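A, B, C, D, E and F are the chain letters, set down in written order, and residue numbers restart from 1 in every chain.
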Amino acid sequence: MKRWKPRGGNFPLLRPMSQVAGRLSIQVGAWFLQSQSGGSGILLGGVPGIRPGHVVVVGAGNSGAQAVQMAVGLGARVTVLDLDPHKLSAIDADYRGRVATLVANPANIGQATAAADLLVGAVLVPASRAPTVISREFIAGMRPGSVIVDIAIDQGGCVEGIRPTSHQAPVYREQEVNHYAVPNMPALTGRSSTLALTQATEPYLALLVEKGPAGAVAGHPDLARGVNTQAGRIMNAVVARELERW
Amino acid sequence: MKRWKPRGGNFPLLRPMSQVAGRLSIQVGAWFLQSQSGGSGILLGGVPGIRPGHVVVVGAGNSGAQAVQMAVGLGARVTVLDLDPHKLSAIDADYRGRVATLVANPANIGQATAAADLLVGAVLVPASRAPTVISREFIAGMRPGSVIVDIAIDQGGCVEGIRPTSHQAPVYREQEVNHYAVPNMPALTGRSSTLALTQATEPYLALLVEKGPAGAVAGHPDLARGVNTQAGRIMNAVVARELERW
Amino acid sequence: MKRWKPRGGNFPLLRPMSQVAGRLSIQVGAWFLQSQSGGSGILLGGVPGIRPGHVVVVGAGNSGAQAVQMAVGLGARVTVLDLDPHKLSAIDADYRGRVATLVANPANIGQATAAADLLVGAVLVPASRAPTVISREFIAGMRPGSVIVDIAIDQGGCVEGIRPTSHQAPVYREQEVNHYAVPNMPALTGRSSTLALTQATEPYLALLVEKGPAGAVAGHPDLARGVNTQAGRIMNAVVARELERW
Amino acid sequence: MKRWKPRGGNFPLLRPMSQVAGRLSIQVGAWFLQSQSGGSGILLGGVPGIRPGHVVVVGAGNSGAQAVQMAVGLGARVTVLDLDPHKLSAIDADYRGRVATLVANPANIGQATAAADLLVGAVLVPASRAPTVISREFIAGMRPGSVIVDIAIDQGGCVEGIRPTSHQAPVYREQEVNHYAVPNMPALTGRSSTLALTQATEPYLALLVEKGPAGAVAGHPDLARGVNTQAGRIMNAVVARELERW
Amino acid sequence: MKRWKPRGGNFPLLRPMSQVAGRLSIQVGAWFLQSQSGGSGILLGGVPGIRPGHVVVVGAGNSGAQAVQMAVGLGARVTVLDLDPHKLSAIDADYRGRVATLVANPANIGQATAAADLLVGAVLVPASRAPTVISREFIAGMRPGSVIVDIAIDQGGCVEGIRPTSHQAPVYREQEVNHYAVPNMPALTGRSSTLALTQATEPYLALLVEKGPAGAVAGHPDLARGVNTQAGRIMNAVVARELERW
Amino acid sequence: MKRWKPRGGNFPLLRPMSQVAGRLSIQVGAWFLQSQSGGSGILLGGVPGIRPGHVVVVGAGNSGAQAVQMAVGLGARVTVLDLDPHKLSAIDADYRGRVATLVANPANIGQATAAADLLVGAVLVPASRAPTVISREFIAGMRPGSVIVDIAIDQGGCVEGIRPTSHQAPVYREQEVNHYAVPNMPALTGRSSTLALTQATEPYLALLVEKGPAGAVAGHPDLARGVNTQAGRIMNAVVARELERW
């Protein structure tokens, strides 16, 4: 088997971390729905004879799709929203009616938010600030004790006005809703996350060791795109622009 | 392979007909939801990006379970209600969160009815009149253009005030809701129904041919229970009671 | 969440309508298989103990894949044919043996047609006339009372000699087979179709409103490709060619 | 956890062996369909673009249900026949249209046999000779190179005229069909079978050790029913009757 | 629909609470596997490219089956042990190889415990003390940071030496393993549990209201079996025996 | 339907043969695990109450994915390894935790190999020698009686030191492990393979017939890339290079 050659353009090192965060969003959200955590006391999957909880995932990308899978696994009612009809069609085909898919226009986001027990914000635009697609007004419509998990908090969050929390104090309550916005969620499952990350980075390290930085970058445009500074200069346009603002 | 020995107590000849009716209820209901049939114009499974239709099945017995299976198959959102917690647990286990199960108390029936695009009444009590568990008041809460299919119409129907319709004029509109209440639904799929029925009756016929009526009845209590008249007398208590009312 | 940017080349506005038509083809076909509709009286999913009906879908594209999903959902035996081995592999992987996949050569189409209770023609070539892959000779081999639904009728149909029908008189009988060929099938479920279509068109409308027609077209090649006439001239080559024939 | 108490009446020690044989029937049958084994050269699951093979299982009991599961797993088209409508309904519910279920009358058995690439005979009546439900005439209708596996061979077989084969010479060819009829199929997977059998027998051994034979039998009617000889006398009526014939 | 008639013998009021506890055991266990909770930092479902966590459920009854379903839903590797071969066969049929089933003898329990990241003790014997099937010695074999959830703690627990914890301090660490043993787990999801419990008790309340205590008990043996004290005397033999020990 | 146009770059004629080989690898491996074949006597799917066998597939491409599907179908525990994280993510999404996915680094390959009952080597690099990713040292860690099937043997094999076997003598034993390395596995199912291959080649033949060799090659770059010799010269660089070594 040839060594894996990095494929550019899709943030290969972030990808597994996004997957971890997406999966964790549901188990974390389920926890903060518990009565002892100040939540509404809803069991996501319910039990036979009562309504299950409703999980709404905004964003059907790498993180959001994992959140959908876990929410389905726990037996919740699940709705997912995205702007890309191809992503919605893919989820519809995979789940064959098990998951409701909605175009992520403001009307749909507002209605879905109001009906959510657990709302997962999973709208991330790589290398730029996340757009705030879930407005304060939408949150005002949520039932007391409901929970928001904003996976995009590392990039500013996709929930209007949300502020980062910490592993020590992971939630705050506002408008009677539990807000979870811990950056670096993968630290919750340190062992799994470390394994996933090191396996993703190892092929690049091997390249650097084998050919030296200059050689590795020269022969691998993917790696070249990842260079932030070289010889004292900032090479990455996005980073440069961000820093200029400071 | 030994010839199949009838197992008493579960209406072996009606069973396949109930299964046919349960399955048909969804394809018939989907038809009368169509705009050209005066329905609300909702596609049960929706398509990616829009909400699916909602099928509510009242009664999780032999008919209802088939209706659930077909509604899931067409991609609808599905809720099923029954009084028996064991039946709800069985459906919950089979569908693992794909189908919401609710205890069939009036509050739940009322809420579910109001949220239904297609309501299937599948509450049948063998050999007695079906109870009317879906009241006129509940129907008043339904959206215009929604559809009710009452599988129990052969036994009086489980929908308050419903009146039988015919294959020629299968629906009538009341409270802006399409009511479908054709007795003998299996006639819609005559070929399949005939095959199912004759295969179920054939072992009994073989018994009668082989041993004669008296011999067959003597040796097979199941068959004996099915005897309605003998030597000019009504043998079946339920039938006798019903006829006395006339 | 960024506004959705149209992705060219796959008819983004037709896509949801094709999905609707594909899904409808099965519920419409099931209806016209009914004895009361002059059909063979076959229940697509059968019931335990009897053979299910057989749905054959020719074309595994956007419409055909939806038809396959619904036919599986109703419990039918399902066979799908296409010329593209990648599409067949994708369906095979999704359904893991539940659906038979066949290369769409004439021999296979002929055999499958003869074995079909419900035949769905779903061969559409965007922006050009559908090829007639199902010949009259093949139809002659079908069982009496079987049904053909030609989703491609909007583009001339993929069934030899088929002629358009209407929502008022949706089928005609020829060679003892029910032919359903209503253009604009999505009108059957007006509400769902309208929602799907408006959600797909809305991002383009927003563009036009925001930037004006000239600006929108200038900055969005996808939209530019959709311009049919401009300043009195026909801009679209296919349309121009078609109209010349008149 | 209380020690498991034997439940009478269902041959608890034979049960796991029947399960092993049922599962093995498909992998053995697949092998003898291979061209190098004189079979028709059919791959049970086919590949995308060609028809899969057809597995027909006669008998939906403990063995037959396992055969069905494995045949589905390998991607074959699968049909199962039984006389008991409850067993057929159970399989239909489990597989939701993936498996065709047929009442096991001679007409259906004959048609299904003729269409089979692999025919599994799984009709066992515990403690008595298996009925021969698959006649020579049916086999004459099979395609050359097809395969029969008779799981019931330990009890005489359910295929007319079949004769036992051995692990050394497991098949013979007759009417151009490969006949596999090895008694003690579980020996093929000695390790798995031994583990399954010893785990099933261990609770009974523990009883015998703990209470002595007389005590164990006295307190456990299930065990008592398993006593074949006692104080020089044959205790089991079936065994006694069988031996009298010698 | 007739009012639901209680079915005796299976603790109809406890049943939904057992289901809640079984489902909660996995989400609670996942939480205490997190690094911030002193756990091993394992994500139960892993992510693509790394091994998932391993959930071992001892006991395949009402609680255990729910735990299995949730663990499968989160993507874990799952093993379940029970003494009853019928329960193992049922789970095997439902999950078709997705869940490993093992006879619950000490050798298997020991091996499975050592391989578990999350061990769920779900061995409950209604109305008597739970047997301690998971010994201290087995726990000594577990990896540091693993988690035990003992659902049976209400009845003494099925883990050797385990002591009840509280919702305020839900876990303690012993042998480097997190022990969770909170009685009344359903309080975590107060809203869902209350709904489930009241719906189960309502039919009995209705009986009592309608017929009065004496009448209700007289006509309903199930209810009669639930009477603990009457006219100052203890009516339930198990309760009487337990209290004598005090 | 337009005639299928070949899509270059993915070996359209080899593809179905790789699929056949991938599917066969499991049924062949199951056979050589049998006690009578010198194997360890393990039933891949086990039966309820005992551990299933463990299938490890190295390589998640066209062949490997088919092997995974069949191994899942037979109820085995399944692990798949690949260097491409996208392929692992795709399998993870399809099987939702049913299959463990691991990055194919030497540490993971070694551990997985040691835990395998059946090891399938499915690492093929089209048009070049397969890399030997499974070392002798790894095989030394396997349990006696385990089985290796090397699908890549046509291209030299991906198992260190493996040597081709034949349909007459398909396995040899080394390090107590059964090695199966028959080139041209699809010959085992001659009928299915022939159908699959001819259906894949037919569109190219039709081109050649219709336009003649020169015309066909001129208009179809895909076909052009498949030309090995022309006018006495070797046209294919890989073939030329290979032959120079001779």
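Everything below uses one rule, namely that a residue touches a chain if its C-beta (ideal position, glycine included) is under 8 Å from a C-beta of that chain, and two chains touch if they have at least 3 such contacts.
Not measured: the values here are computed from a predicted model.
S.K.: Using the contact definition stated above, find the chains touching both chain C and chain D.
M.R.: B, F
S.K.: Using Cα averages as centroids, what's the distance between chain C and chain E in whole Å?
M.R.: Chain C and chain E have C-alpha centres separated by 50 Å.
S.K.: Which whole number of Å gives the spacing of the CA centres of chain A and chain B?
M.R.: One centre to the other, that is 45 Å.
S.K.: Need the CA-centroid distance for the pair chain C / chain F, whole Å please.
M.R.: Averaging C-alpha atoms per chain gives centres 36 Å apart.
S.K.: Quick check: what residues of chain D touch more than one other chain, meaning two or more?
M.R.: Chain D, residues with two or more chain partners: 16, 19, 45-50, 69, 72-75, 85, 89, 96-97, 103, 199-200.
S.K.: Provide the full list of chain pairs in touch.
M.R.: Chain pairs that touch: A-B, A-C, A-E, A-F, B-C, B-D, B-E, C-D, C-F, D-E, D-F, E-F.
S.K.: Show which residues of chain B lie in contact with chain E when the two form their complex.
M.R.: For this pair, the touching residues of chain B are 58-59, 82-86, 89, 93, 96-97, 103-105, 123, 125, 131, 133, 158.
S.K.: Quick check: in the complex, which residue numbers of chain C touch chain B?
M.R.: Per the stated touch rule, the residues are 16, 19-20, 23-24, 27, 30-31, 33-36, 40-50, 53, 66, 69-70, 72-75, 167, 187-196, 199-200.
S.K.: Would you tell me which residues of chain D are touching chain E in their complex?
M.R.: 1-4, 7, 12, 15-16, 19, 65, 69, 73, 94, 199-200, 202-203
S.K.: Show me the residue ranges of chain E that touch chain F in the complex, using the header's touch definition.
M.R.: Touch residues, chain E against chain F: 45-52, 72, 74-77, 85, 88-89, 91-92, 96-98, 100-103.
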